[in-house]
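Note that the chains are named A, B, C and D in the order they appear, and that numbering of residues resets to 1 at the start of each chain.
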């Protein structure tokens, strides 16, 4: 692994997708800045990356706080130029309409949309003077379709998609690649595996490729970051071969 | 005009579209509850409706306050069963990304999305026990496409569209008609007329039907409210004949 | 009923939707030109319209033949100015991909897309010199989504939607209203009723409004034709209140 | 370059995108079967691939003829298992509606949609028994939006997109990856360069990455073919960084 003079920031470095992204970019020589609500939970990720020879900084980060986002990205950019910034905060909840409290509606939006806006804007502020960079957002199928019970989550994810679109149109001509990735499948976690088996029976997981491995998401982000500026993708959807859609 | 035992609530009864909607439903015999931020500005509307023999209550209403929305709709429902509830709060702003403050982003969302969620949920709460009603939302082209400078506005309008979709899917089978109207044009106001003439020259308004008259929006809402339950429309877009799209 | 000096042409005046459209426009005073493959099947429709005091001409028409479309619409326009032209030819088939013959693929396209293009173009040719008119197309959910087994049907219906869009954009500024109606539900026919009962049990039809009555489709076309030029709808979708989507 | 026991077929191996795709897959060790209307025009491509040590068969192919498509793909599959099949026939024309003859409408459809259906179906027939393969279609922005003058082209490209969707949903669970690539930009050809300079002035091409290089399209197809089955993309759009959208 050759070290690069470049940082990749992962806002929302959770146990699955976020961690896989962090590992991928670290393995490609980036200094990784990984942030999540409770930074102490990042210890295993940091240990794993460092054991593999990678460079990583783990931080507690409340992505809903403007000053924290600003400081986190500035620190990342001081370590090495911020070349990739990935917003990956999730907030998937499902409630019947009448049970969706204003508090839930607001909190889901703050996590999944507002924090994404702050992240993208502050990353752009650092990247624009250099005229290069990548800003990627993790979307969801709920960002394309407002299903029953998803008033809060779909609303936030629709809003995040709009943020990404408006940013892509403004920043693209300035050589900053903005993309929005939709994972149209359950991600392969222990919790999802159990739900599948309960719903579909013991053979539900015979083919492991029916679920989305976090590493495949990470590989997709990596490919997006490697696209030449003559052929950028804004909206990327990925799903396992057997997924109904 | 025959009076009905039914109320139509208009949240965001501004000078143009909101007022036209209020007048239309009043002229069809509904008791109209009209709310806007500064209720004193409702005086001319109230006078006009009453002069025409209609019934109307004008109220100051900050649609971003849950308790105000709840009280407003409860009062409307006590006057007569709430049959139609229209959310029409606008918040159109355009800023370059780096100049979009977190305060603007949050405020636009509170006005154009969060308030819409509160309105729809509280209207549903009143309509569900009776098993009938109409909940309509005024969308915008920015709710379909995130253009440059519309990070805040498009994000809020995308989010509102998701709210409407999720509500429509949940409430439709319970006989509550939820719809989302997109006005793909400039609305015919003095301000818009001046901008047109500046941009396109003195002949820009030779055909008055090139702009969207508020009364046409009101007529569209009226038609939506009259659709039989066997043939409901969720997404309605309207544009003047000469509009480019 | 007051007679109008205007013709409404219905291409694809089948037993259900097409017939309902013909009856609606006849009842509103239009001279109706109704065409379908086997014109002798139009006898009951013609009798019903005439018994109600309406004016109607029924013709055999193979909509896939350019010269027949041209002659049909010219004749309609000579009876009275062609004001409304509705293309309603269906061709719903479902085959696994490998069993979709080139003959089926071509025939479905000729019926559902190519014939629609011919109809729209020839109607426009007659309407443009007068600077007014309405051209409407019956679409389908398959025109929005290519589901399994619908290679032929979805492809044709997608193609028809594109025809309608391109025509709407070109003809709108010339005051010809082009619209595309999507009926997102089973239409209420005896055949569909039987399938529902087989699939969902004897109570499947307890609420008759769960299926789409042809008259509701006709009413929707009527409303489209009555929209003021300041507020036209291009894409109209209708579905029964209880339909899943 | 290591030779693979695999064939990649390119239907519509024109001078730009098709040729670039052929070169890319040949350089990755595939035997390439390249077909275009006038096979003699393939001589330079064949020479270039062979000079680089690749394997390629060039054939005259009228993609609108079922028996020719069948024979072409069978021959390809006999050379080595058909692993990748790319449909790349273009047919971009623009005519005002009234000047769009039925002959043009039909021919554009036969080239851009019907031939794509034949290609996809016959490729699937060969791939299904082995339970693996990739079938990719070159779409266009006109397959998403029917603009003025594109009645014929948009209709065909919408239809092709539906073919791809229906195939993807049916074949995905059988481990055949179907994808639809939209190139939202002018492709970098001499003809397009001249048009740009005429329209935008002598500096229009100062940044070569403003146009889409055929090699970038080829690289995108290559990446699609390398996606793991746990994370397939169906719809891929690519555009140069400076493209307005």
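The rule we apply is simple: a residue touches a chain if its C-beta (ideal position, glycine included) is under 8 Å from a C-beta of that chain, and two chains touch if they have at least 3 such contacts.
No experiment lies behind these values; they were computed from the predicted model shown.
Annotation: the chain A:chain B pair of sequence copies touches via predominantly the same residues, more than half of the used numbers being shared.
When chain centres are set by their Cα atoms, the one at the greatest distance from chain D is B.
Chain D has its Cα centroid 45 Å from the Cα centroid of chain B. Chain geometry summary: the mean Cα position of chain A and that of chain B are 34 Å apart. Each chain gets a centre from the mean of its Cα atoms; for chain A and chain D, those two points are 32 Å apart.
Shared interface positions of chain C, i.e. residues touching 2 or more other chains, are given as 169.
Chain-to-chain contact here is organised cyclically: the chains close a single ring, every chain touching exactly two others. Under the contact rule defined at the top, the touching pairs of chains are A-B, A-D, B-C, C-D. The part of chain A that touches chain B in the complex is made up of residues 66, 96-98, 100, 102, 105-106, 109, 113-114, 117-118, 120-121, 124-125, 128, 142, 145-152, 154-167, 169-171.
Chain A contributes residues 169, 172-173, 175, 177, 208-209, 211-213, 216-217, 219-220, 223, 227-245 to its touches with chain D in the complex.
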